[in-house]
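Structure, as structure tokens:
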Amino acid sequence: MLPPPEEIKSALEQLLPGVSLTLDAGGLIVVPNDLVAVCRCLKENERFSLDYLANLTAVDYPAEQRMDVVYHLYSMAKKHGPVTLKVKLDRNQPVVASVTPIWRGAEFQEREAYDLFGVRFEGHPDLRRILMWEGFEGHPMRKDYVVEDQDVLG
Amino acid sequence: MELKAGISPTIETQQLEVNLGPQHPSTHGVFRMIATLDGETIVKLKPVMGYLHRNHEQIGERITYIGSFPFTDRLDYFCAMSNNFGLALAIEQLGGIQASERGEYLRVIMAELTRLVNHTAVIGFLLNDMGAFGTPLLYAFREREKILDLFEAASGSRMMCNYVRPGGVREDVPEGWLERTRAIVNAFPRFLDEFEKLLTENEIVQQRCKHVGVLSKELAMNASVTGPMLRASGVNYDIRKVDGYSIYPRFTFRVPLGTVGDVYDRYYVRILEMRESLKILEQALKGIPGGPAISPKGQAIGKAPRTFRPPKGAAYGRIEAPKGELGFYLVSDGSPQPYRYHVRAPSFVNLTVLEDLCIGHKVADVIIILGSVDIVMGEVDR
Amino acid sequence: MIGAGVLRGMGVTFKTLLETYPWGRAILRTLQIPVTDGIFTIPYPETKQQHPERFRYFPFLVYDGTPDNLRCVACKICEQECPPQSIHIVMEKDEQGRPVKAHGRTLPKQFDVDMSICMSCRICVDVCPFDAIEMDNEYELSASDRYEHMIFDKHKLLKSAEYFQKIKPTEAATVDQRLAAKKAKTASPTGDKPSQPSGP
Amino acid sequence: MNSLDQLFVNANAFLLGLLPVWARPWISILVRLSVIAVLAPAIMMYLTWIERKIIARMQNRFGPDRVGVYGLAQPLADGLKMLIKEDIVPRGADRLLHLAAPILSVVPAILLFAVLPFGRNMIPADLNVGLLYFFAVSSVGSYAIFMGGWASRSKFSILGAMRSVAQIISYEVPGVLSVVAVIMVTGTLSTAGIVEAQAERWFLFTPWGFVGCLMFFLSGVAEVNRTPFDMPEAESELVAGFHTEYSGMKFALWYMAEFLESFAVCAFTVTFFLGGWHAPAVPFWTLALLLAIIVGAGTRLAIPVRGAGVLAMLGAGALWGAQPIPSWIWFFAKTYALIFVLVWLRGTLPRLRIDQLMGLAWKFFLPLGLVNILAAGLWTQFPFPLGTAAAALLLIIAGWLLVRANAPQSLQPQRVYVFAD
């Protein structure tokens, strides 16, 4: 079964010296530039073998000028539960390394996060807008996205 | 990516770029594939989506938790009940609500009936794409209509049910409903046998589907493919068994797995899954207790959605929808409206491997492979 | 042998063809082949499908007795809770802006539901504390123009409680029972002028 | 020759009798032309009605029954609609070719009617090379299809056109081979002669005839682009194949060509293998008895109704004794039976992919056709028991070997599915 988050944190710190992890109510908070190392370790390490990235999405916090990217990882081999990773990014320059080389499932979900939130994923094979058309400016899911006034009822 | 088809380099041929969609009779909604053809063989295939994007997630942030239930009917418009079930589970996890016993049984019955509805429709459309002029589709829809009549009697609408709530179901089923369901569930296997007689041993179906669009086990797991598509490639991962959410651990049922992972396996795994769902339905219909259909807290929330203010925090609830893992990621900041409302749609993620399945195949195969992947644009584009 | 699957498949369609004719069903029954009850499709305009009682399409306002005695008190909860925001209410006010009362209750001057936006999800009925709005099951409402026909104003929405009891007997019974209980509770303890029933 | 059977022949002779001698050949040609000109569109219109009704019944619904009683006026309504519909020609299309293609596809379909033996000495043009004429005219259709696909200048049309030409050409070969056996046995190319030769035994009831009939019918279905070989107009992939860019009357012409050719295929299969206008060897009274039994036992109606039904059948039997059913009724009955099979195929089967389709023609039907000719040879040379047995054995072995060579996986056992908990 999956060990509790504290144990995962300590195990990771042993396996990857110099990684800085903090625990949050939701899950593990990872610093952007060692995200790829942590993810690769979680995937390859026999004890975790989290080979299935269920969900990847972004959450916008304009108040604290930051944007989170949230990863929910499961293991199909060992059938054990979610490990939630969070990466905090600066809201004006949201850039993080892409995990598509590790889990192919992230490809479309990262493109959606880029399209709707504007988070740029370095190393993504084909980072284009996925839901919006090419000429669309702006990122609709941001909290400060001004929707042109729909006159709902005259 | 070396081409499987025997394309001799000597002949100077020019590649043809064809748009399959968005207005196309068999792309299951507004979905477009830019296919680069060399003769009949696919060289490159770029899916283009977003034509049905309504920004469902931003709407979710504007209204209360209960308000977004009718919108989940429109996500995967074939399985309204299991979409509601997914959101209800996520909200229960977020707000710590406990569903009533009868409510749980009713939700499982509705979810398994939805699986029958979805799989019959998928197989009907798959055969329609293969050219069988609508006959299997109309047989499948005849059975599907009987179940949709049950949904209409219980929830008020055939497809836009908006019936499941956190804490159980909105209203108890009318009397006589359970007997009608038992009758339909008992009659269903006979339809499945006749349907299999029409299709499974049909040589043309076998020739068209076997070894077409093979999805390897490793690629399936790596590309986060879920649902019947994953199990057809032989990976034993069914969230009803893995998470054991709601009261599924009480029912004994098995998970059918394919061996090759081609279109034929994806078709036949769905038929076997329907037979397993029938087993669950029989056990659930036998064991359903009396009592309230919704827990008092759920009733109160339904009556006054503004009063439901979940504690600050996040929750990721997921269920085994007929198409795969349907997840709801809710972030709450204590107000009646969710701060972030994200839907993890199975069809959207399953499409990642569409290009890998299609390269090297013919145009006719692309349509069947897309049919076997079973996407619904409401869910892909959200 | 090859081709058996194809022939068996054609047998199924031939059986379905026979099944649609009464004489065909008779032949199949004499050959002990299980038979369904014939054609499943119904010719729409001639025979209409009768919907179960809970079938819901568009909302309507309930009034007891005369149309001006409607139950709605223009509290705007349904306008707030309606997911697609298709309800628009303006409360009846006199010149000084004080709400006008009729039958001891405030009432809406204007109550519009935009039927092209409403998705018949029944949340307005769930959240209405006064059981003033219910779901109708009349579905033949096609109209040629969106704004003029599809926005139902108060006058077009009002239907009598008897109509509600006619189309949805069991639902109407529970609603009436709840209203009776509330009337008994408000009438008995205070005894004087019926106070405005506050929210739950 | 009793009167009913030769009704039309006598009427024709009587009509020509009124005219001066020199005008007779011209007028008789004119009469035959007008009969075909009236018969062909009528057959086509009511073929569409039959198809829609039968497929509807197979799919648990009613089919057209709004226009006229039982939808009988539906074909007229369709025809009128096609006339009124705007005739859109794509901008880049080659206008002349775009117009010529549907015409070029309908004309051969109607020409085929010339050599069809509708009844005893009721054949419009008794050519002694009737069969050669049939194959020559029916192959003109593929030019029209490619012309239509090429002239529409749209990707889908071109793909559809290329597929259809490949398919038609590769299915003409087995079609001809299967009929070569008939020519070898009857020794004549004239369709009337072939029907004469089947007087006492239909070719269907010989081993080589059975295989030949199956092959001829299936390659005819393929030539007409109908399910399970309707690749060129595969609506799920190529929207509508070569006639995507057609609308209005031109599209109606394509539709007419397809249906006329499918009628012709069924009619010629009946002519070559099912004994043309010959009545089945079954004596008439057994037929009547069989019908009487069915009516008596089958329906659950009230006893008197069933009694009346039985009497009616026996009465009909007596009538048939005195006045056998006319030959042309047998011809149309058998042809419409085959059309039912054609529609039945369309209502049930999915379509084959283009390369499987080609494989079936070249690697399965072609060798089988050659073996079939050998079997026919054996059948003619040796006396009854030995010849038939040898031919049948040879065909079965050849068939089994070909199946093993072409589609080995279909003979393997079904896949087994693992059930995990």
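By written order: A, B, C and D. Residues from 1 in each chain.
Going forward, a residue touches a chain if its C-beta (ideal position, glycine included) is under 8 Å from a C-beta of that chain, and two chains touch if they have at least 3 such contacts.
Note that the coordinates shown come from a computational prediction; the quantities given were computed from them, not determined experimentally.
> Closest chain to the overall C-alpha centroid, by per-chain C-alpha centroid: which is it?
Taking the mean of C-alpha atoms per chain, the most central one is B.
> Could you tell me between which two chains the number of C-beta pairs in contact is largest?
B-D
> Taking the mean of the C-alpha atoms as each chain's centre, how many Å separate chain A from chain D?
Using C-alpha averages as centres, the distance is 63 Å.
> Could you put a whole-Å number on the gap between the CA centroids of chain B and chain D?
43
> How many Å are there between the centre of chain A and the centre of chain B, using C-alpha atoms for each centre?
That pair's centroid distance is 25 Å.
> What are the residues of chain A that contact at least two other chains?
none
> Residues of chain B that touch two or more other chains: which are they?
135, 139, 142, 198, 201-206
> Scan chain C for residues touching two or more other chains and write them down.
2, 6, 9, 12-13, 16, 40, in rising order.
> What residues of chain A sit close enough to touch chain B in their complex?
25-26, 51-55, 57, 59-60, 70, 72, 74, 76, 79, 81-82, 84, 103-109, 112, 116, 129-133, 140-141
> Any idea which chain B residues touch chain C in the complex?
It is residues 59, 63-64, 66-71, 73, 135, 139, 142, 145, 149, 152-157, 160, 162, 170-171, 174, 190, 194, 197-206, 302-306 of chain B that touch chain C.
> Would you mind writing out the residues of chain C in touch with chain D in their complex?
2, 6, 9-10, 12-14, 16-17, 19-21, 23, 26-27, 29-30, 39-41, 43
> Show which residues of chain C lie in contact with chain B when the two form their complex.
Within the complex, chain C contacts chain B at residues 2-6, 8-9, 11-13, 16, 34, 40, 51-56, 80-81, 83, 119-123, 126-127, 129, 135, 170, 199-200.
> If we count contacts the way the header does, which residues on chain D are in touch with chain B in the complex?
55, 58-61, 155-156, 159, 227-228, 230-231, 234-239, 346-356, 407, 409-410, 414-421
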